[in-house]
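Read from first to last, the chains carry the letters A, B, C and D; within each, the first residue is number 1.
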Amino acid sequence: MLTQVLLIAAMSSALYMLLALGFTLIFGILRIVNFAHGEFVMIGAYAVFALTSGLGLGYAAALPLAALLAGGLGLLAERALFRRYAGDELGGMIMSLALAITLQGAAAVLFTIDQQSVERPVTGVLRIGDAVLPKDQLFVAGFALAAVAAFHLLVQRTRFGLALRAVAQDPETLRLQGVSPRRLYPAAFGIGCLLAGLAGALTAPLYTIHPYMGETAILKAFIVVVLGGLGSVPGAIAASVLLGVTEAAVSTWLGVTAATLTSFVAVMAILLVKPTGLGGRA
Amino acid sequence: MRLEIEGLSVRYGAVQALEDVSLVVPSGTTTAIIGANGAGKSTFLKAVAGLVPPQGGRILVEGRDLAALTVEARHALGVVLCPEGRRLFPDLTVHENLLAGALRRKGRAAVAADIAAVYDRFPRLDERRGSLARNLSGGEQQMAAIGRALVGRPRLLLLDEPSLGLAPGMVRVMADAIRAIAAAGVTLLLVEQNARLALTLAATGHVLEAGRRVLSGDAAALIDDPRVRDAYLGGAETASPASPEPARSW
Amino acid sequence: MSARIRSFAAAAAGPALLAALVLLPPLLGRPFHYHLGILVGINALLALSMQVMLRINQLSLAQAGFMGLGAYASALLTRDIGLPFAAALPLAGLLPALLAGALGPVLLRVRGVHFVLLTFALGEVIVLVFVEWVSLFGGNNGLLDIPPASLFGTALRAKPAFYALTAATLLAALALCRWMTRGERGMIVAGLAGNEPLLQSLGVDALPHRCALFAFSAFLAGLAGSLYAHYFGYISPEAFGFWTAVNALIMGVLGGVTLLLGPLTGAVLLVPLPELFRDAIAYQRLFYGLALMALLLFLPRGLLGVLRASKGSTP
Amino acid sequence: MLKVLRLARRLAVGGVIVAGALSGPALAAETLKIGVVGGLTGPGAAWGLAIDAGAKIAAAEINAKGGLSIGGKPHTVEVVSYDDQYKAASAVTAVNRLIDQDEVKFILGPIGSASLLAIKPITERNKVILLSNTYTAKALENTGYVFRVLPTTQEYNASFIDWLKTNRPAIRSVALLSPNDETGWNSQKVQTEAYGKAGFTIAAAELFERQQTDFRAVLTRILASKPDAIELDTTPPPTAGLVVRQARELGFSGQFTKFGGVNVAEIVKGAGAENAEGMLGYFAADPDSKEWAWLQTEYAKHHPNEMSDFTFFFYDAAKLLLAAIGRAGTATDTDAVRAQIEQGAPFDTLLGKAFWGGKAAYGIDHQLVTPSFLGEIQKGKGKVIARLAAQ
């Protein structure tokens, strides 16, 4: 049972990372708590659905397209809606709530409220001892980890990533180096939404798709990011693992509702001791 | 790069930070601005860099009015501020901080050469290139901050309190560095509480009091001016009686 | 327009607007309008409780949880212990106020977005306790058969009577908030909003005052909860979750965050809004979201903020 | 001046919004209004739309025949629907509006337990007839005007479990999985008792949160108890599909049963046809029947999404109600209409003969008892394998 729990934890952790990284990136750069983040997950999932069932594309082609679409829409949203709220935490939060409601409504109109599903690209299971490892989940976890690694490289190894890290730490000083934070916002928002869309596109074959699926996603992203410290990438990664393991263990041995309660009590406890989260610095 | 300031005034809400300040920094020279805490020295540099909007007056670089230019555009012209308190990116390494200074620039090789030059100037930084900025000592931070500004290829370098909180040995290192920068032809505008240091490094000096320029002149002469000596030099050594020219508007 | 007339108009505009809003349901006269009036009142109270915290630049998402605490307290005290409503109502405010007062010294060390997240988690924990502690709170099932509000031995079963109670509670809360933002107290509140030097010059220790305001905001939320419980006669945890707090926040922001009448204006605007879209059910959520975005984009300082700005006075 | 104009425009916009919200629609002279309250948007809207469509199909049918004759006068039947978003407060608003503004005396819905419990005092006080469906046992407690028009597990699961015992003797132990709310608690209790009474071992009884999509942990827990069958009870069908798939992937090869109601299309979507193969469950209606095909065509005229089988019950309920109003000859005296509803049994419904029951369980015969269908999922389609008459 322990092996199974650890496997479940590992797979959830990888997904949580993907969910949380985009969320924390957008907060780190624009100081906007994007409550519509879950809706970009939903967009990614519906995009895969539309591209595969509607246009007959293969999943391998639909996956990157869906992520790009979510990223592109995020870029547009930054231009049209969020630009004016950079640095205004309250205003940005409220605008993102309005956007979340709008996107849910739009999805319900476009795709109806029916649950949809996407054909799984991978099937079958791997067995490790008495533990079972579905291959599609393995694929999702592997792809998610690869995306997290790619994101890490982008942030750590490129000039663009350097600018992103710099603007998150001190936007004014970045201006003094001749780089305008405003020029980084669309890309940051777009990448954040792209990661969300990728999470949605990856999980689309795993779960069913519906217009309100974003609310579950945002809750997870929220817990992870709060635990890890807003804007902190290493914090988000650590917190994803922590949440994945706690959830798997508590819900296996104590039950599901206990797991929900545990995660929120853990959030409060950690925040009370360290208000900026695990990886955050005041 | 010649800097001309005409009647500059800056207000923060009800507080008048600068009032009708005029001065000229001739191209290729080092100019010092001294004054007490809160006299408006940092505000002056921030106004030149574009971080605070002036309420009145003009800022001209090579005869060009900077009013319409953003901080970033001024940086592109070569107006680079090395801010008070160093303002390194705390969670970037020393090397990354230096790279951040060159984010605007294209051409990797030239940037790499400039960074190598910084390491030559400050060997200590080279040793600490992989350390996070937040873990540096004050002197190391100041080296990194100046290095970052230099990598931005300044033509007019605005240095805000480079000696603040440094040990005497480190102050000497800084002074040498500043002389070398000046020798390379960069126009320098230096703001310092350490008036003696500033006036030793500069050709010309200006004294700010409560947002107004009250005294200007040849740096060497200012060091000997009793008013400067009493107020800013702790009335230390004896000085020659030569009096500087009185403040006047350009 | 002479300055005197203008200042008089500015001074009279608030009370006139308030009177107009309060008298709207009796003028329209139908029970359904009273019902909407009651909903507006309860929502405005909650939005007002959020505004108390927003005044010191702290956004608390725990207010819906505090409202729930008030609702459950009031319901249990009247239904199971037999306390009269007149006693349960203030207790329903005091209980969340005590909790907020007790947690305040810990929570309020944190500022900005971290405070938002902390209060979000607190709100979720409160609701989860309602869900999980089935024997006391009835779990997801909620509490049934909550007795109607009654004063002086008369049950306020009729909508106009309950509307009067709601309006009176809201007016009292508005008066308290106004009192709080005037004179020296007002200066302290302004100081708590970020002007720390001002506080120091007043010789005020910030934390106790912030705790007191947090407790006061929880008190208002608790009152809203009590009214909710006794009006509907039935409560369940989902009514006090995240979206309730968010809706109250949106009301406050739409009305105008810094203005006393902002929350009420926002509630008057938003509570009936779904009624507008009732003929286009499939598009309801979409239109609601678009309407919100439009309001935020075109009236960024809130409806009242715009009205005041066009009058030429600064808020 | 410009400012004044701008201000005036803003005020006008605000005024329109408020006025629009407060004005009620005018009453047509010879119209009978039937109210619908249900979750029409948001998660679970499929069931709310089933109420709406059921009522509208029945209304259209009778209007096409020249309207409903009440006391000799033909009335056009109009359906007025409000969304309660599954929230108690919104349901109360909807009911207030229906009773007060629309002057409606008959309401179909709601679905959510919270909504029903919150509006019941109002409808009872106003003697408004409520044809509802909620799984809570409290729905019919102390009521006079509430009818439940959809059978719950209580009504049929004993005969289903008996069938299982006789026809699948290899199954000895059952694990139950239900949503963690009033519906789930209630149905899990009923199922536990019924399976226990029939001699099955209850290997595990687990609850989950409705928004959950990942069940591997809880399934690991369930599979550790080595059940022969997993009973999915009132788990919403799309979620049930996910559970089935994740359980199969974790190596569960036993039987799935879902005696809390099956929607084949939704389960197959979530589970994949190969994983759902062989699942046994309660079908509200026979998907291969001509009635189903007809209703589905009618449904498509109202809503674009796939029809939920709840539509059957609300179509029949609306017809039942309209017939009772016609027989009572009054659209205002709800006591007379109630008497007609109670006396009408047994009725012919789309599903076959139905009647009122429930006295033993709830104290009042306001529970509709309909024929039920034991179905099996075969190759992604629902096949009825036994038809159990109403009893």
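The rule is simple: a residue touches a chain if its C-beta (ideal position, glycine included) is under 8 Å from a C-beta of that chain, and two chains touch if they have at least 3 such contacts.
Treat the numbers as computed from the prediction; the structure is a model and nothing was measured.
Put simply, the chain closest to the centre of the protein, by Cα centroids, is A. For subunit A, the chain with the farthest CA centroid is B.
Computed centre separation for the pair subunit A/subunit B is 44 angstrom, with centres defined by C-alpha atoms. Centroid to centroid, with C-alpha atoms defining each point, subunit B and subunit C lie 52 Å apart.
Subunit C has its Cα centroid 32 Å from the Cα centroid of subunit A.
Note on chain placement: the centre of subunit C and the centre of subunit D lie 35 Å apart, centres being C-alpha means.
Counting only residues that touch two or more partner chains, subunit A has 105, 108, 257, 260.
Looking at subunit C, residues 131, 282, 284-285 sit in touch with two or more other chains. Subunit D has residues 41-42, 180, 303 in contact with two or more other chains. An unclassified topology is adopted by the chain contact network, corresponding to no line, ring, star or complete arrangement.
Screening every pair of chains for touch gives A-B, A-C, A-D, C-D. Only residues 28, 30-33, 35-36, 39, 131, 139-142, 144, 228, 232-236, 238-239, 268-269, 272-276, 278, 281-282, 284-285, 299, 303, 306-307, 310 of subunit C touch subunit D when the two sit together in their complex. Residues of subunit D that touch subunit C in their complex: 3-4, 6-7, 10, 14, 17-18, 20-22, 24, 40-42, 52, 81-83, 86-90, 92-93, 96-97, 100-101, 113-114, 117-118, 121, 136, 138, 180-182, 185, 303. Across the interface of their complex, subunit D is touched by residues 1, 4-5, 8, 12, 105, 108, 112-117, 120, 125, 132, 134, 137, 207-208, 210, 212-213, 215-216, 219, 247-248, 251-253, 255-257, 259-260 of subunit A. Listing the residues of subunit A that touch subunit C in their complex gives 27, 31, 33, 81, 84, 89-91, 93-95, 97-106, 108-109, 222, 226, 230, 257, 260-261, 264-265, 267-268, 271-272, 275-277. Interface of subunit C with subunit A (complex): residues 54, 59, 106-107, 109-110, 112-114, 116-118, 120-122, 124-125, 128, 131-132, 246, 249-250, 253, 257, 282-290, 292-293, 296-297, 300.
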